[in-house]
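Every chain is named by a letter (A, B, C and D) in the order it is written, and numbering of its residues begins at 1.
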Amino acid sequence: MALASSSLTTVSGFDPESIRGDFPILQTRLHASGDNPGVPLVYLDNAATTQRPRQVIQSLVDVYEKHYANVHRGIHWLSDQSTDLYEEAREKVRTFINAREREEVIFTHGTTESINCVARSWGDANVRAGDEVLLSEMEHHANLVPWYQLAERTGCKVRHLPITDDGRLVMDALPQVLSERTRLVGITAVSNVLGTINPLPEIIRQAHAAGAKVLVDAAQSVPHMATDVQSLDCDFLAFSGHKMLGPSGVGILYGKRALLEEMPPFLGGGSMIRRVRLDGFEPADLPAKFEAGTPPIVPAIGLGAAIDYINQIGLDAIHAHELLLTRRAHDVLEALDAGVRFLGPKPEEKAGIVSFTLKNVHAHDVAQLLDRAGVAVRAGHHCTMPLHKRLSCTSSSRASFYFYNTLGEVETFGRALGDALRIFKRK
Amino acid sequence: MALASSSLTTVSGFDPESIRGDFPILQTRLHASGDNPGVPLVYLDNAATTQRPRQVIQSLVDVYEKHYANVHRGIHWLSDQSTDLYEEAREKVRTFINAREREEVIFTHGTTESINCVARSWGDANVRAGDEVLLSEMEHHANLVPWYQLAERTGCKVRHLPITDDGRLVMDALPQVLSERTRLVGITAVSNVLGTINPLPEIIRQAHAAGAKVLVDAAQSVPHMATDVQSLDCDFLAFSGHKMLGPSGVGILYGKRALLEEMPPFLGGGSMIRRVRLDGFEPADLPAKFEAGTPPIVPAIGLGAAIDYINQIGLDAIHAHELLLTRRAHDVLEALDAGVRFLGPKPEEKAGIVSFTLKNVHAHDVAQLLDRAGVAVRAGHHCTMPLHKRLSCTSSSRASFYFYNTLGEVETFGRALGDALRIFKRK
Amino acid sequence: MPFDRADEDELYQEHILDHYEDPFHRGSCPHTTHAHEDDNPLCGDVVRIELDVDAAADKIQDAYFNGDGCCISQASASMLVEHVTGKSLEEVRNFKAEDMLALFGAKLTPNRQKCCLLSWRVLQQAIYSPTAQATTAEPLGPPRTLEQADREDHGS
Amino acid sequence: MPFDRADEDELYQEHILDHYEDPFHRGSCPHTTHAHEDDNPLCGDVVRIELDVDAAADKIQDAYFNGDGCCISQASASMLVEHVTGKSLEEVRNFKAEDMLALFGAKLTPNRQKCCLLSWRVLQQAIYSPTAQATTAEPLGPPRTLEQADREDHGS
């Protein structure tokens, strides 16, 4: 098995050992005490949030120690530096997702805020009672709740594109649930539970043909595979920095310029205005219009450093390596003979996310027992209660990978799971 | 003059030199090139944002290197650590402002988001056409625009409590502008331009007597003077981490529990729900209800470290030292004989903020020329266009202090301003 | 810093696994006078408790639970119904969150405490929730809301 | 990293201060055919430009500015009206943002470039803004919107 692993490493062409040294937290040993040296951390909770390389951490320290001030508004030296770095970061994001213009890249605080911004600003201005918003059954709560709230405010109807039992969209049903009443389709690029990579181009084509706008929840795709908003032709795209090596507290909303221009501002405050009188205000130009108040300056700059790091590894290498880990994880789980049920399609059809249930062990117990072996996985509904309901389970365990994970870690995961099962099989 | 300064230092009892070493960025020299050693940075833009001590920067590095994971949802070791640190930070904030319960302390991304949350959640649920929101003429755009937006949505009316020519509230007018139609009074604790410290207890007493709620914009007060939300009896209070040594990207919304319980959620997404079905959702308990999505975990923890640092210095010492600097700045500016006009009251009646105009030199030229001498001040309308209009000026220059500023820096500021004036007086 | 870790070996000790795999009174109470069900939506744990309360004797005659969830939530429910069978209502009311954690025995991180306290919360609600059939059931004093239970849970 | 600093001594050089303190054609144009006014709300700079356009000769006969603001915004306006007096409309249209910055001379950080370009934006709009009195004024081709000007400003 060790041999198989190492030959597989060669296949992916990328050796995570070459970069793990960049990630201080990956050197952690858990549960050490007294003579017990503890166990190495095996971090497999990357769909929840990723860890950061030294380079990203250092970028934050550098800004705070050398270049920090408030952006845009000052004309002193530090303010110019902060502004330059902040706008450079925007340019890095623009290139990373291939947006046409920098004005289309809005710094928010995360995917959740980005989607809420669209639901409140675009939604309240464009959606009326009787209109429909179409979501899939596999959406994260972040791409469900804002639309339920919109429905409460406007009386619009939320419809759902169904999924198959193995967690793929029922594309044949799309023409039936899409209609001229559909104002927006909200769809995740990659499911954070199933790992399913959705056929965005086809969805967007059909949605546009029906006259609907499309918002892509790209929280789980931008970190792992190349994104080109121009060739996708999506209207909005949202993602989070912390899921792609970036700092805590920054996210992105991409929107087509024409749409963003038309939309009323969302949050009100400094920067987003051109003029304020005692009886009203005029919004500022893009992107400031949607960046009210002091933006997440340093997290945004750190996100730029994260993008530099990812570019250096290469998204193709990242994707290939994650597929390798996913395949291996499927094999390891099946070999346990513990009534494993995978949520989601085959490894070939998904991203590096492996959610599963075991016949006799609850997901929380799996996570707790794996933790004892240093393996961090997540258990619960992963912010997708309707999806879990659809799949008739209340919770699942999830191992999710990033490029710094190794095949050895997948083996550790499998071994630890075997040990856990033995505890429950004592009789 | 040097002697006077050092004797004054003794008066305030706090010597900033003892802690300046903690702030890496304050060691910066500007405009160095070739043989030119440049000039030391004199950072007087603290009302826009403050700098950070090593201890706060290190707290961020520590989390990223040792304790980072997503909070609340995981049950693995790192997630427990992040959650503990995040909740410890909440407890530090709670103690700092003396809130009764931790559930009343909501982590947001800044003052702006905090106020928008109240305007959208509490406002949309409680304010109707014909109702009134009362603001003062000295509010920051962050405490104006969200209410103008509310007025656009609901048809309520925004009224303004006037100010005197020297920038104090006309308290005698309060009974006239307050009425049983007033649903909320939004008031800044300290003006970010005038420095005026407003008589909150009296305002809150009268507002409550009229049946109105009170939101305090405490962005400029919490960093500089003791805050006790229980004795104030305010209903909501908002402030930002970055103005009090904290990291970029975190702020606080305090609200009385009973109000927060009644309010509908603002942003929708993960964590803020108790249950999501395909046809709706139930919100979670406080404080999660208002913390949708992945919160600013690391910035929040860093804010906790900032509070530790401030507590160590002591808010009384900070306030006394800032008064000293403010007095000296007034003297220095008056001595220039350049037609200085101060915006705001006498030093004794305000916080460490000195805004001014000069007869013949535009605020931007002041800032630009001061920058040449390493002195960072801000120029413009400081996000208070209506206030500037009220005072009949389009822009002003502002020097704003924090405890790490020295009397020597105030002298440098005065000298640099004198040099700047000479440039414009060449004929 | 409070990074003391619960001892997980202790968590999955015989005593607890016994309750999980061979629970006390899992099922329906033959003569139910009071019942309540709740879940912990974060993890999907569900617990229902059915009681046979003898109001005259101020006593829990019989107690059953049913549910679905992790080892902690189910084992703790089993321990709880075993523990309260035969107890007076006064005793049940005075049985606080920390008593429940002590009954469970193994140290728990705050996250897992929620699992352990689920059945306790359900029980505290159940004694104020007469079932429709049990028409003979008397009111048992002012009902305590879940929010109150919540606050005590944190406060104590 | 682009931390090249404009040389501020250069910024407040004689040439610029001369224009600021003793501006060219500050005031009202005696025979105004076209005019426009705008401001930079961020700093409060205001510039108004009034033109006397000879449509037949396709020429700016006379140009005046007025306004309030920092040295850069006011000096650059003075330089600009001096520069375009006598120029053809074609020449004015082809006078791009970078030409304006070159005319001003001193290097500027992006923030201060906005001050310098205010008068240029006002001029570009003014040539499409015949005043009501100037009934003889001919349309001067499709008006360019401020947004277009803005984009060229960034794009070039």
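Just so we're on the same page, contacts are C-beta pairs under 8 Å (C-beta built on N, C-alpha and C of every residue); 3 or more make two chains touch, one makes a residue touch a chain.
Treat the numbers as computed from the prediction; the structure is a model and nothing was measured.
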{"item": "Chain hops separating chain D from chain C, counting only touching neighbours", "value": "2"}
{"item": "Inter-chain centre distance, chain A versus chain D - centres from mean C-alpha coordinates, in Å", "value": "47"}
{"item": "Geometric centre distance via CA averages, chain C-chain A, whole Å", "value": "37"}
{"item": "Touching two or more other chains - residues of chain D", "value": "5, 41-42, 112"}
{"item": "Overlap residues in chain A, where contacts from two or more other chains coincide", "value": "31, 73-75, 77, 79, 273, 275, 364, 368, 371, 379-380, 385"}
{"item": "Overall pattern in which the protein chains touch one another (line/ring/star/complete/other)", "value": "other"}
{"item": "Pairs of chains in contact (touch as defined earlier), listed by label", "value": "A-B, A-C, A-D, B-C, B-D"}
{"item": "Residues of chain C defined as touching chain A within the complex", "value": "5, 8-9, 11-12, 17, 21, 41-46, 68-72, 112, 115"}
{"item": "Chain C residues touching chain B - in the complex, by the definition given at the top", "value": "1-3, 5, 41-42, 109-112, 150"}
{"item": "Interface residues, chain A side, partner chain B - complex", "value": "24-25, 28, 30-31, 41, 43, 45, 48-49, 51-52, 57, 60-61, 64-66, 68-70, 73-79, 109-113, 115-116, 119-120, 137, 140-142, 144-146, 148-149, 158, 160, 240, 242, 247-250, 265, 267-273, 275-281, 292-294, 296-299, 364, 367-368, 370-371, 374-380, 382-383, 385-386, 389"}
{"item": "Residue ranges of chain A touching chain D (in the complex, touch as defined)", "value": "72-75, 77, 79-81, 83-85, 88, 273-275, 285"}
{"item": "Of chain A, residues touching chain C in the complex", "value": "31, 362-365, 368-369, 371-372, 379-381, 385, 388, 394-395, 423-424, 426-427"}
